[in-house]
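Shared chain: subunit A. Partners: subunit B in the first complex, subunit C in the second.
Then we have the complex of A and B:
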């Protein structure tokens, strides 16, 4: 039961788990929404750390299609708001 | 020209004062210039005159520093009133504009001493040359002048009430600019008033000092790998940080009840939206996907007295038969089975400390900070204890002792100074003791329970 930011940051390092160690698979697909403060500077600083495909896939599995398949070059407000919502406000339960 | 300010410190935690000033300065992007003479920058003294580029910086320090009681615009100091007045006259430009019609009041007070009323009046009168024309207003003066006499501590010595009056070490004079407003947080974050706490919770004042060492601010990502009941999370999220916590024992973070204890407590403080997630794992087997993630790692590592350090693994490896049974249970858990509780083995403190710095080297962003406590045996401590845990790209920037007598704990702040990336530490099982340096915190737990006995059989002082 974690936020998608966490889902994007955790991998399995157990020996012998090298093939499919990221991203961790969801067991049931259920979500919960939590509110978080919007901080564009945090998001911009954090973008290089995101495994983008894993994030987009995870969001789509949970029914959120607001993010583009490729990380955009132009970080407009609408994009940052969507990213904020997906990373910090969607929790898979 | 830089401006001079007189800082009146709160009486607690002297060794934490200067690190806090420079951290808060760094956080807001200014420098706090300390006096040149070593004795004037002695952090155990209650007053200090510092230089700042702008008045606004003094306000920032007063808003954020837990150990700042008040900040005065500095007018004069001396080892006698003659010196003090000469200095104050020389600085007339600083106070001349208050002469014509500003209402004012004087306070005359002392550290480690009580000045008799009659002499307080004499002191006020000795400032007559300022020729202040404004009204004296006891209740709501427009400005407040403060005169502070500093006496050396005469701890334990009995003396009559006003004995030694006037024999101060130094006297300071200035105008009150701002009272420290961060100190009230010590009451707000009082552990006993918290919705969730436990016997490992860290006292509020120290937690807040730790938070300031992390440079916590909105949008900073902060991690406590030994989260326990979350003391570091509340204060860092108070300052805007986004917090991750993990612990080998999830019950420490959850407590009883449906909503995890740490979240309940954070909710009461209004910062639960900044607690990103709480994860249960052994830090030596941590699942972070990559490094360079956090702006700060702040933690009170388990040092074995109240909450022993453990790590997954067994003291002795299983024999073949045990291993077979174990795998069988593991592969075919019964439906009604209790959750699997993995075996743990002890984790020696000096080993843990080295691992923690390596972990921070990997997980911190360039410029990020590791802030943690290290318990140590006072008589055996050597500077090298800390230096020997540091690895490439990591620099100790503060090291403050909280003294409990025969033992103490040091709040260590380490900065990652490079933008190089480092691999995940291996957390290799303890190597046989090397011939190298043996720090005083090695086997702290054993030493603690032996009462820090030295070879001559002498026993140390207080217990925590």
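Then we have the complex of A and C:
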């Protein structure tokens, strides 16, 4: 049960696993949606930590195409709402 | 009575029955909550800035619930499946991982704005695990090294723990230092047998004046209770004003949550009845 915020920060750390160790691949994935409080400041602060491509790919694999392929420079409300949903409200189970 | 960490490996000691007992004990809830608040105080995060935290040895979520309450976003790891099961039942907000911290973390560098760990570290001082891998120093080393890298610079990690000797404290701090941490030990109420609490406060980066080891709390236990109580009350008052949810999971709160889960299409949400949200006797 992880949200994409955590998935995006996880690399495989099994000893000897150095190639292709990020991002972890989904297997038999199911998702659950869970409402969370929207907090634009948190998202803005978190932006620099995100591996953008991995996040967009993960979201697409789970059927969410709301994020642009390139990390945008302008953080408008609509973008932040989408990011909020992808990072904090979609849960892999 | 001997300390739990001397009885059995954690994932066995905290089996189904003990996990429930541990979590339902109201006195224990209070103690873990108080220590979590104090750890957050020592963590000293910039106010009003939302942070992403790691709860190390999160167990059934007694510490994590406080993080929820205070509005933090968090991820927890624990080695005991039964404890995590209870955390899931209690619907904590954080992500939960089944992991032995003695084998280190796999988080990308700089992932977390801080870490807390309440009543866990003493378990790493014991060699006994159900899959014996290596010695305590080896496990501690792997733990601190990977934790150091998972934290952002600058940041802090605060551990409340139960050392059984000064040698243990010495061992832990020296391994943490080798892993790159600054910091040291904070002792609250060192002269009180009952209220004494030991915290390890570790720093990543920030050097010099910015990162100073906070002072332990002094004074007598009674005073301690009053002070804590007032702090708690202030917090609650602040919360009422800011409209954040209170700490008590009262009937209204439960009904609201249930409604939310039904809306999300979750199955098996218990129906509402006159028993909803009533105090229950603990039954084992």
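Operating definition for what follows: the second predicted complex is superposed on the first by the 93 of 93 C-alpha atoms of A that agree within 3 Å, B and C clash if a C-alpha of one lies under 4 Å from a C-alpha of the other, contacts with A are read in each partner's own complex, and residues count from 1 in each chain.
We take it that a residue touches a chain if its C-beta (ideal position, glycine included) is under 8 Å from a C-beta of that chain, and two chains touch if they have at least 3 such contacts.
On a predicted model such as this, the values are computed, not experimentally measured, just so you know.
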item	value
Clash or fit, subunit B versus subunit C on superposed subunit A	clash
Contacts of A:49 with subunit B and subunit C, given as first, second, both or neither	both
Which superposed partner A:33 touches (first subunit B, second subunit C, both, neither)	second
Touched partner set for A:57, first subunit B, second subunit C, both or neither	neither
Clash-bearing segment of subunit B, relative to subunit C, as chosen among 153-161, 171-179 or 261-269	261-269
Intersection of subunit A interface sets (partners subunit B, subunit C)	2-3, 5-6, 9-13, 22, 34-37, 39, 41-42, 45-46, 49, 51, 88
Partner subunit A, residues of subunit B touching it in the complex	218-221, 242, 244, 273-274, 276-277, 279, 285-290, 292-293, 424
Residues of subunit C defined as touching subunit A within the complex	49-52, 71, 73, 75, 88, 93, 95-97, 104-108, 110-111, 146, 152, 260, 264
Complex interface listing, subunit A residues touching subunit C	1-3, 5-6, 9-13, 22, 32-37, 39, 41-42, 45-46, 49, 51, 88
Footprint of subunit B on subunit A - complex, ascending	2-3, 5-6, 8-14, 22, 34-37, 39, 41-42, 45-46, 49, 51, 88
